[in-house]
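The two complexes that follow have chain A in common; it is paired with chain B in the first and with chain C in the second.
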Partner chain A sequence: MKILLVDDEQKFINMLAKRLALRGIEADTAYTGEEALKQAKNAVYDVAVLDIKMPGISGPQLKKKLFTLHPNLKFIFVTGHGAVEKSDEDGSEKDIYLSKPLDLDFLIETVQELIQTR
Partner chain B sequence: MLKLFQDFLKSLWPEFYRHRTNVHLNSFYTFTNYRYLWFISISVLAATALAPICIATLIYYQLIETSVDSDLNHRTKQLTVVAKSAVTYFMEERLNALTFTVNENEYKQLTDNTRLAEILKNLKLGFGGVTDLSVLDADGNQVAYAGPFNLEGKNYKNQSWFEQSLKQMNYISEVFTGYRDVPHIIITVRSAKPDGSSFILRATLDTERLMQTLSSYKTGDYADIFLVNHEGTLQTPSIHYGAIFTPTNLIFSAGSDESEVIEIFLNGKSIISGHSSISRDLTSTPFTLMVLKEKAGMLKFWQDMSFKFNWIMGASVIVILIVITFASTFMVNKLYRADKAKAETMMQMEQSQQLASIGQLAAGVAHEINNPLAVINQTAGYMKDLFSFEDQARNDDEIVEYIDSILDAVDRCGTITRQLLGFVRQFDVKIKKVNLHKLISQVLSFHKKEAEYRRINVTVSIPDSFPELETDSSKFQQVLVNLINNAFQAVEEGNCLDIIAGQLSPDTVELVIHDTGCGIPEENLKKIHEPFYSTKKNGSGTGLGLSITYGLVKKLGGRISVQSTEGVGTSFTIHLPVKINEGRKA
Partner chain C sequence: MNDALNDMNAESLKFFGKVNASISHELKNILAIISETAGFLNDLTELAKQGKELKLSLLENCSNSIAEEIQRGFTTIKQMNRFSHSVDVAVMDVDLLDILDLMIGLTGFLSFAGKVRIEDKDQKFETITTCPFLLQNLLYRILCFAYECAGPEGEIRLRLSPEKDKGILLRFINSGQMPVEKFPDEKIKQTADLLGVEFKKNNSFYELNMLIPYTCDKIKDVEKNQ
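For the complex of A and B:
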């Protein structure tokens, strides 16, 4: 199981990655959308955890680009704006939104659920 | 008693007259000075309504006066002409009779007293007014006489009328008393004796007959007809000037045959005066006929009419003024009420906008706090992980406890900001399905700590069958926040707060928020929904909470009522439709 963490809050995802690593989950970090795309070309991820508000490519934009690269990739959005309702704009995929500050155990639970539904 | 009187006065004055300036509301009023507006309205209306009436009245009076004047002048002139011809005829008739007598009788016959007496008798029969007849020779000696006065042998040589008589073919004298002490007029005709010398036939006319003729032309009480001579001495009695021979200032140049009408003032009265000198073809008389007509008397009819007219005018002006005053008061009062309502609405709008912008600000703040909170959270989490996963620190319980308390604090902060955001976000969400249980839990979560500290027993009872409401969730949430906040402020330690929901009918639900707090005194109960009414001291409350709540519940299509007993508790009861009426959502 491999996770891609994308957020411009560098310390936040660094810590998150380390804590996930301690729990045996491999997580790569990217601080911008471009970086994330570069990494996604070189590796295969199961789940991408994206911040919605980022300089440059925003979370939802990045999701579309990553989706074309890896159609099987699952997405979790993280936002400082509280819990956003799950939207079904695409009609097919339902996105999951989690709010900051993030509970690690809840994140791991959500990720495992996502992988199991695949 | 005094209070009753004051209440009566109050009800008499329109609402806007008692308008008190309110600093908060004032800037929202369209008009500020309603008394001035009222005054201007009445003045302008009165001016436009009364000006044409006044102008028309003035014109009417002027027309009446001109027409009455010209009518009066015309009638006076007519009377003057008619009376003049009557007097002229009177004189001429007698003069002609005398001329006829002289021509038909020889000198001898005329000097025969018996014959003269017969002629006098015939003249009296035919014309009347002839007192006596006499024949005078060229030296002024009376040759013959017939009449009641014994004047035989008198000499008139030095009398002025005799000189005049000799010079002219015929002569008419002024009225004078002469030897006999009775006012009379002398008419003479000159003729020639067979020897060629002149002689004069004289007749005396009594003025009685002339006065009768004149007075027969008097019409009405205000007319005065009389004769004056060239010196202005009265020749017949006058109502205005007095008895015969009274001197007047009415002096006219002789010979003007035309009748003239002028307006004069006599003893403070306005009088229309017509005059015309009595003249005939061959000789002129010393008389001028005067016709005086009192204008006031003639105008009496018109004055009576204009008096009535003035009454009607005055009454209508008063009615118009009353109507205008009432109408203006009514309109200005309506305007005032509309303006007041508008000002209040605008103020509420401004306040709700302020709330919304505070909400937006809170959203920004929450977002900015959440990011560092996330960093703290993960860092502290990682530190804890390090101690937990590395063996050497696993037993250092103290440090783990510290980190746990950091994580706990972050958790609490996170909960608060999340709730704040959840609350704010719903500002712009319109109608949607609302789960009452969820909403109440969300609102109560703000007070969780407070309830614990103050040992307030909060119970929420919502039946399982309670329907999901379809309503404006943000407004509904604000209503709940306001009422629950109020309840928390009213209760003291150890009191109860009950929130009970129920369905009254398929369309209506009821929500009761009951507290066992301090209660509301009865005299304050009806004021609590008024804006800016607050019992909180030192301005700690805006006095808007319940007023806004009241407005919001109305907007949601529901109604709110309150029951309270001082010292026992307060219940707010809200009735809401299950589905908000689409037309009322705005």
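For the complex of A and C:
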């Protein structure tokens, strides 16, 4: 299982990556959408965890670009608002929205569920 | 004047809501870092219980990180408090540098905010008699416009100079081009008009100039009606 964490809050995703590593989950970090795209060109990820509001490319814009590169990639959005589940624009796929601060066990559970649905 | 002020009420509420939403977003980010760091400390404790070596440098990094985020939280709450109290009195004497400093801090929470630098920050200016909340609203909107023009890597320099008996000339010097046809929009124009702020023409696409009056008749009317 390999995860890409994208957020401009560097300390947040660095710490999250360390905690995931302790649980045997490999997680790369990117602090901007541009950086994430570069990394996604050279690696295959199962799930991308994206902050919604970032300088430059926003989370939803990044999702579209990453999806073009890796159609099997699954996405989780991290938001400052409440935890909700919303349908995609075309209704074909549901995006998962998790609220900050994250519950790590719930994040891992959600990642596992997403991978199983592929 | 009263009609114009009533028209501003809805916009003012929106502005108040927008700023508060961005503050809550900032506080959530701070709490998220503290929460992950505390979680990591728990992870390390569990590993230590299992006999794994506990590196002191990791503990030190975690405690430093938590302390930094608490300080960031205090700064944010202080800004929130200053902003909240700006509606206490409709008209008062204000220090423009103080208001600019607060607006730079509050717009800094927005994802598209770039760098802003006030040149000659140590200068002293006469106070301005104005409506602090509306002036904040105006400066916030102009900063947002300037950020969008500058882009995420851009920089905005603010230069202030006194204009004798008139007010303070505030110049926004942007690293990105600012399309003159988009500025000022209707909301900025309306707020500027209420405050007696005058936009000065210049020949540069990289610069916006505005004269903020020491006082103006419309503001005096508001003061009388308080």
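Simple rule for what comes next: the second predicted complex is superposed on the first by the 116 of 118 C-alpha atoms of A that agree within 3 Å, B and C clash if a C-alpha of one lies under 4 Å from a C-alpha of the other, contacts with A are read in each partner's own complex, and residues count from 1 in each chain.
In this section, a residue touches a chain if its C-beta (ideal position, glycine included) is under 8 Å from a C-beta of that chain, and two chains touch if they have at least 3 such contacts.
What you see is a predicted model; the values in this text were computed from it and never measured.
Once the two complexes are overlaid through chain A, chain B and chain C clash, as defined at the top of the document. Once chain A of one complex is fitted onto chain A of the other, the partner contacts of A:69 are absent, as it touches neither chain B nor chain C. Contact with neither chain B nor chain C is seen for A:115 once the two complexes are overlaid on the shared chain. When the shared chain is aligned, chain C comes close enough to touch A:54, but chain B does not.
Of the two partner chains, neither chain B nor chain C is touched by A:1. The single stretch of chain B with clashing C-alpha atoms against chain C, selected from 59-67, 149-157, 383-391 or 527-535, is 383-391. Residues 9, 11-12, 15-16, 18-19, 22, 80, 99-102, 104 of chain A contact both chain B in one complex and chain C in the other. Those residues of chain B lying in contact with chain A across their complex are 363, 366-368, 370-371, 373-379, 381-382, 385, 389, 410-411, 413-414, 417-418, 421-422, 425. Interface residues of chain C facing chain A in the complex, by the touch rule stated above, are 24-25, 28-29, 31-37, 39-40, 43, 47, 65, 69, 111-113, 152. On the chain A side of its complex with chain C, the touching residues are 8-9, 11-12, 15-16, 18-19, 22, 53-56, 58, 80, 99-102, 104.
By the touch criterion stated above, chain A contacts chain B in their complex at residues 9, 11-12, 15-16, 18-19, 22, 80-83, 99-104.
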